[in-house]
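Just below sit the structures, each encoded as structure tokens.
The two complexes that follow have chain A in common; it is paired with chain B in the first and with chain C in the second.
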Partner chain A sequence: MSLEERELEVLIGPQHPASGHMRLVAKIDGDIVVELRPNIGYVHRSVEKLAEVKKYLQIIPLVERPSLADTTANNLAYVMAVEKLLGIEPPPRAQYLRTLLAEINRIHSHFYGMGIHGVMIGSSTAYMWCFGDREPLIELAQELTGARLTYSYIVPGGVRRDLPQGFEDKVERVMRYLENRMPDYFDIYFNNPVTRARLEGVGVLTKEDAIKLGVTGPNLRASGVPYDVRKAEPYAAYPELDFDVITEEAGDAFARVMVRVREIQESIKIIRQVLKNIPDGPILDEKYMKMIPPNLRKQVEETGHIKFPGVFANLRVPAGEAVARVEGGRGEVVFHIISDGKMSPYRMRMVTPSFRNVILFEHLTKGARVADIPAIYGSLDYFPPEADR
Partner chain B sequence: MVCALEGSMWVGNLEKAARKAAAWLVNKTPIRSLRDWGIAFSLWPVHFTTACCGAEFGASAAPKFDTERFGFLPFIASRQCNVLFIEGTLSKKMAEAAIWVYEQMPDPKFVVAMGACGIDGGIFWNSYNIVRPKDILPVHVYIPGCPPRPEAVAQAIIMLQRKIRKGELVTYEV
Partner chain C sequence: MQDLLSVIMEPYVFVPLIFPGITVAFLLLLVIIWLERKIAAKVQLRYGPLYVLKPLGGAIQMVADLLRYLFQEPIIPKTVDKLAFIMTPALLFGAAYLPTIAIPVSPTFYAFRNDLSLLIVLALSTLAPIFTVVMGWASNNKFSLIGGVREGYIVVSYEIPMFLSALSMAVLYGSLDLVEIAEAQKGIWGIFLNPVAAITMLVLMYMSTSKFPFEIPEAESEIVAGAYTEYSGILYGLVMGASYVKLYVLSLVFAILFLGGWNPIPGFMANDPLLPGVLLFIKAFIIIVIGAFLRAVYPRFRIDQAMDLGWKTMLPLSIISIFISLVEIMIMGGA
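== the complex of A and B ==
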């Protein structure tokens, strides 16, 4: 290297202290990043291609795997697209239960993102607290669905299980715990001078750029664009619920974290409303309920656990195209299904928020300092398996 | 090499002999158990996330499950670690990196494959872009599940410790 060549190329990853599975190719001049290109594809597992050989119900667990911390969004968006093709509308109680799980999932997905961000900027306390406070919510979801992260709770026509007994009280206890806990986070982490110094004014995304680059989710709202699919194209029980779209004006790393924190508070509000307003009634579409054999149907009514009717194994979906979108924890999830009337889709396209946000790595780090890379990386809540699919 | 020690003369390679003696001593029971006990409680996995199982691996290092009480501390640099945790699917691109990381780690080193994907591809068994860890690395412990619960991760650590303390995995040769 001659003296004239000031720029140095540094390869960061794929084994690096942050949450891994991607490589960052950085060109640096002293302490300044000239260019940073993410090298993705380390977790590409061909979900879209595999969907073409799996049956419709088998695809539900498959589409959940790419974003393990936020499975409900993918599950819901996929099932909504299938339902559009089938032409069925789930009963109102199922809609509320879907919303309930989606919001529980949103909270623990945000905690996951904040915890990883904390460890990236060197605050192990944030990691420990966020991951610890994630557990009560996972316990709730586990009681409702039977799994810690991979719920597969939402099926075409409804949901798999009814509310367990005494669930409302448990939810209320967790929500109260979270509300009392939030001030501690501000004392120890968010208002900590070190956190402020590392996050404020770092990686600023202006409103115009955010719209131009097609950014989505909390990263978009942190730049002052009030766009949320739950409001823009309401689905499930959201039209009947009262909640705000959270925005921040600053557009820096700190604003992105703050949007997540305030969304947690908003989700608590939604969960309370869901449990207050939830209507009685069936949790699976009548058409499918009728197909359950009579002796099993009695058991379903007693336990609230759906025994799948045989038709689900070989579910055939009429030919056609459908698109469904959902606001997940990280942003907008879109599913596009093309069916030719066979047992598997002809083509399934999934658009995930992480892939749409990956462009920010290049955009936000230009001219930043090397030490700001993890602060920016973490604030995007980027989940590589979701982007690579 | 020839050494003279107080009048008598010893013939042979002193360095080689010393190494042989040390290996013999280290593989003898009291020292050997002490050594294996030490290794069993200083398992440091390298921070190498390969796929979605990483979410549950993260949860197992967090307060509720706290695998650190087994001396299991996730660490950054591969040159200071002795456990390679394959957290789920290995894509072809990632497998290359996994081999590099494994080669950088100092001996004795262990490999744990996590998740159904780590065993035989799991839900992605017929994908065109995956590699089975057992084809490229010597795997010592498998954890079934998709994703395995954090308790299962703890169980795997205990299993690995047991294997080490039985003296199956670590030997010193001259």
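== the complex of A and C ==
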């Protein structure tokens, strides 16, 4: 390095404690970041290409894998697109169950993001608490679906399982626990002077930039844009539920965290409404219900666990094109499926929120300090496998 | 055997080798790292170290860790400055432990008595950061370099106010001799006479030993492990232990300056080093445990914020503490 050369190029990752599965190429001048370019693609799994050789039902687990903390959004968006092509509408009870799982998933996805953010700015307590308090929600989801993270709960025409016995009480207990727990987070983490000093005014994203860059999810709402797919293009049971779109005005790292915290409270509200208003009825579309053999159908009615009708194995989707959008924990998930009437899609496009938010790395870190890199990274709730797909 | 024991009990052997010297420092290292993890675990609703000696809650976890460090291959990268790379951990640990020789254990038990023992301790304690900076340079790694530079910046922002607040107590007691300073606190402890100096020194002590929220030179999520990034095996064990030993030394100084040292102690016990030594150790230990507890409470500051704190808040406070000492001397009519 010559004396005139002021900039130092630091390669953060892919083998770095806080880089995740990606490399950040940072040019720094002293403690100031001149340029930070994310180098993504380390965990590319070619989900879109694989989808072209897999059957429609096999694609459900496939699209869940990339975003491990927020699987329901992908599951739901994909199935919604398939249902549009099939021309079926799931029964109301299934819609409510989908909403229930989506909101449980949203809460634990937000905890996941906040926990990682906490340890990135040095608060191991926030990390451990968030991951600990994620657990009751995962247990709830496990009881509902049988899996902890990759639920594959939502299938074309409905959902796989009905509410278990006494599930409402358990949910209510968890919700009450969360409500009692949130003040502790404010005491030790959100209102901690060091946390405030590290996050307030750091990585400010203005409203105009947020719209211009096509940012999505809580990161967009933290800049004061009240955009939420649940309101803009309601799906599942959301049209019948009462909830607010959370926004913050500041647009800094702290506002992004606060949006997540307040969304957790909003999700608790939604979950309570779902359990109060959930209608009785079937959880799978009548057309598929009829295809289940009679003795198995009896078993389904007794246990509430769906047995897949034979047609699911080789599900053929009519030729056509469909787009479905879902508001996941990290932002808008879009699935675009083109079918040519065969057993696999002709082309499947999967747009994940992390992929749309990755542009912020370069945009927000310009002129920030080296220590702000993890503070900004964490506040975006960016998940490399989800962006790479 | 009797002769050996009497040799060991000689102050100039006992102080550097047993207490407050290397043996107790080493034992403390084993206990405090376990305790730090255990406290953090308690706050974070988990167990912490558990399986190494389960009945005592994993109390000898650090012994197991030490064994691992000892038998792990210390990898020395090809491109490092070998001499500096290998020497600095030992020098760093040595420099951190060196000031203990000037710390008295009781009014009559000390390795050597000097009019300037406070200055000697403070001066020796400034040696260690130099080796951290050297380490950052010798490692030939960008993260190490940034860590070394950060250590340098931190040193210049804590050292002056910390010394000023320590010296304000010397002004108050009219002496730089640690024995005299401790003896002067038979009645009221220094922390009550000059709380500003006590708070300043306490905060800056944690800053100087990279405790949270000042764990900046080795911030994991930013620069991996700062200057220690390239170290492994027992070399890493030494550098990791050095900051704890430094905190131990500074806590002893803090206990003598502000917490009355070995006071209160009954007159007839004063000549026996055991009880004063234990009292001094307990006071220092409490200070260290508070430092360990901070890990569970705070995230870490940015380097510029820590420097702001040092220069814009702590330096004025330490100057104020000198004035407080001067005013108190005038009121009490000279020391």
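The definition used in the following text is that the second predicted complex is superposed on the first by the 388 of 389 C-alpha atoms of A that agree within 3 Å, B and C clash if a C-alpha of one lies under 4 Å from a C-alpha of the other, contacts with A are read in each partner's own complex, and residues count from 1 in each chain.
We adopt the following convention: a residue touches a chain if its C-beta (ideal position, glycine included) is under 8 Å from a C-beta of that chain, and two chains touch if they have at least 3 such contacts.
It should be emphasised that the depicted structure is a prediction, and the values quoted were computed from it without experimental measurement.
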Next on the checklist: Just to be sure I read the superposition right, which of the two partners does A:P374 touch: chain B = first, chain C = second, or both, or neither?
Outcome noted: second
Next on the checklist: Contact-wise, after the overlay, does A:D31 reach chain B, chain C, both or neither (first, second, both, neither)?
Outcome noted: second
Next on the checklist: Quick check for you: in the superposed arrangement, does A:K49 touch first (chain B), second (chain C), both or neither?
Outcome noted: first
Checklist entry - Regarding the shared-chain residue A:R148, is it in contact with chain B (first), chain C (second), both, or neither? => result first
Checklist entry - Where does A:T125 make contact in the superposed view: on chain B (first), on chain C (second), on both, or on neither? => result second
Checklist entry - Which holds for A:V194: it touches chain B only (first), chain C only (second), both, or neither? => result second
Item to check | Which of chain B and chain C A:F308 touches, first, second, both or neither | outcome: neither
Item to check | First (chain B), second (chain C), both or neither touched by A:A69 | outcome: first
Next on the checklist: Contacts for A:H21 in the overlay, against chain B (first) and chain C (second): which applies, first, second, both or neither?
Outcome noted: first
Checklist entry - Which chain A residues come up in both lists, the one for chain B and the one for chain C? => result 16-17, 128, 132
Next on the checklist: Can you tell me which positions in chain A touch chain C when the two form their complex?
Outcome noted: 8, 10-11, 16-18, 31, 118-126, 128-129, 132, 188-189, 192, 194-195, 197-198, 369-374
Item to check | In the complex with chain B, residue positions of chain A that touch it | outcome: 14-17, 19-21, 41-46, 49-50, 53, 61-62, 65-69, 112, 115-116, 127-128, 131-132, 134-135, 138, 148-150, 385, 388
Checklist entry - In their complex, what parts of chain B are in touch with chain A? => result 46-56, 58-59, 61-64, 76, 78, 89, 91, 93-94, 97, 100-101, 123-124, 126-130, 146-147, 149
Checklist entry - Residues of chain C touching chain A in their complex? => result 40, 43-46, 142-143, 146, 212-213, 215-216, 219-224, 295-305
